[in-house]
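All chains are identified by letter, namely A, B, C and D, in their written order; residue positions are counted from 1 within each chain.
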């Protein structure tokens, strides 16, 4: 069984801020968002967590091993360096979707995402040190078979992107509906899914389902560990084995 | 008639680099990618261009007003600060999709995206100063009606994300197929489309089509200018008018 | 004759901010300061200006070619991305020290550096396009002879630093007192001086004076151009010629 | 007794890189250096260490609590995101100067700072967990009395800078010669000294010596802790007490 700790990061009152007193320059918003994401990647990553950019104003992180104090430090570091603040809600569950649901509820209970008075919520369940196990987190790292040869080197970049995007959209829905998993596009032709304790058959079915729906061929490496960092690196090594051996699903 | 100059930014040989000599830590890759995007946002943005993160290893920019020298400076700045280099291909056409097609061909002609010997391609058509006009670029800024009330404050964040993502996926395909437009998710519930000279009816139809396909309600502000920056800011102001007046399509 | 345009960048009310409501973490302050400097380097640098970190809460820039609109954009970009704002004062004079004096007065007239109500001063003289010439800016790039062999590879790093620092301190005072020049340490063993129209003899005397005072041997390349960027690059090439030919003063 | 762990961070072969194949643009070098410093601030800071920018190509860090594995991760993170690599040498001693001497020797033994073949040295003593104590690190945070009123709001910024700089230069030499301490300018009018177990009298003498030599009036807060972060924050609080009570030396 997995036991995933999920954190929802939500910028406080961001929508209104972007247009007050009048619309801010898009290049500055893009810079702000992507740098905030980069900083959170490092802040969570230095504690073996993963954060996904999702919608940028709302980001989802896997944070096994980070207690409230570590979260508070992330929150403080953002406040000290950005013109915006962030709320953080946490949740823990064998099902990543349930954990995220709990994390989201924590933030929503603090007020609306566009509530000018809600600032820096920090609450929710964290996985106690005593309850942690070496297989708490399962991550699956998917990529598209020969994306460079089939798409990047052949189509115009937007049409390549449409193909990759359709593969991602199909996978994200399938994994959410069938397996309570949270799947994130991480650039190029790569997708990382935060999963419960799924086996080879489930991944094979997911890959088949995506191929049937949109014609995009995926392969996947799966890793399991105490933290997102450990599981993610194990998944990458497993995916390398897919590449070397021409296989479709590999577990580390 | 529009005359959009599009630049394809492609990291040279990035896929192999990410796994050589063995897979690099995901948090560092995420940091590298998002910071490179932030820097390109500023480098192009300081010259009134827009860049979209697309797949991060391939980014698409609207660059009216930037000649080869300005592109070379961007390329040099990346080389001086990152462990990777970028190839840049440009194209110009009333149809954004055709312009991107030309830009992509320039890069592809230089070699594969995974060719270890291809480095820093820089070529393609640029719009001569004498040929530039005040309505060369048309941008449409879409967002989702009451996304906070309907999704963010109510669903778990991943399910909110699925809804937004489906709206984006439907719009990107529709605008590409029907109107040669390139649509990019820019965070939150916002999508920016790079368009030819479309009118109100076309945007209304697009919004209807997305609603029919996935049930997501959009509105849009449209701006036109000599540069991406000008058109984008005009589009934002038009979108503000939609918000104030409860309308669905506004032109600046 | 030179005609240097100088900008003083002063963070508004920074001292009080760093300790309100209680002292902020030093690592966050260091990160904020050095990133703000990096961003200003790019923002001014993209318009061929140079900015020096000086005290970080006060930075000095050479900005020939940047009008008030360009300065306003820099100011806006900082406001959009940082928890602090900046005031900008400009001045123009053949003497860099006088130009900086004027620029400083502009900011001081707006209120104290620790005035909670002073925000985003933007004023002062700028060099009109019609008055600009190809030799408006003269920069001198100094470095220490064989710093690696004499210091870095031999002493502990702090003692190396003391030597470099003493060379810098002696030079900065000499150049300020004798020649109205502003000298900035830019890392390693490098110093850049913003100068009026000095000749070879003056640089030779400066190098002799530093050697007599603190025993540090310098050499220098000097460049002249319409902008800081042009003059600085010319100075670097001249300094390379010193290295190749074993000379002490070279003009580009 | 203190027991300071010091790390020397030296960019490998940086000097030659900055001029190969020809001099790189200064704004890019400044951006690279200050961002690398910002990233190291976060990487060390997330583990309660402090890093000082010193000469930027050589930086000095206080790293009690960071073992070789933590250092290796910092090294890897730099390699994954920058066009340069860093060597890291560590040392431990009650005297900060001796600790730095040992750390420097480690790096120097690996080869010259301008040796093209030396890459990513990582070696030296680290303080074992069992040997750590709650008073291993003593930091002193100095600032200039009423710097804003006496200098910033009154002189031109360069002359203010000369005053602050002279205070710093005098203090750095005095503390190095008399007390084996390493003092670093950290922006504004702030200096942080890494010290052995000095008492109030020694700080009072240092402040007197600086005043006599260059006429700059300092005050100081002193903190002691298991880590740089703890000692530094304690020193800041002590310095606040100086401000509130008009005193010259305060211990936390």
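Simple rule for what comes next: a contact is a pair of C-beta atoms (placed from the backbone, for glycine too) under 8 Å apart; a residue touches a chain by one contact, two chains touch by 3 or more.
Remember, predicted model here, so these are calculated numbers, not experimental data.
Participant: Specify the chain most distant from chain D by Cα centroid.
Facilitator: The chain farthest from chain D, judged by C-alpha centres, is B.
Participant: Between A-C and C-D, name the chain pair that shares the greater number of C-beta pairs in contact.
Facilitator: Higher contact count goes to C-D.
Participant: Using the average of all C-alpha atoms in each chain as its centre, how far is it in Å between chain C and chain D?
Facilitator: 22
Participant: Chain A to chain C: how many Å between their CA centres?
Facilitator: 43
Participant: Among the residues of chain B, which are close enough to touch at least two other chains?
Facilitator: Residues 25, 28-29, 31, 35, 42, 46, 77 of chain B each touch two or more of the other chains.
Participant: Under the stated contact criterion, what part of chain D meets chain B in this complex?
Facilitator: 24-25, 28-29, 31-32, 35, 76-77, 79-83
Participant: For chain C, which residues count as touching chain D in their complex?
Facilitator: 8, 10, 14-15, 18-19, 22-23, 25-31, 33-35, 37-38, 41-42, 44-46, 50-51, 53-58, 60, 97, 100-101, 103-105, 108, 112-114, 148, 152-162, 164-166, 169, 172-173, 176, 182, 186-189, 192, 229, 232-233, 236-237, 240
Participant: Under the stated contact criterion, what part of chain B meets chain C in this complex?
Facilitator: Where chain B meets chain C, its residues are 39, 42-43, 46-47, 77.
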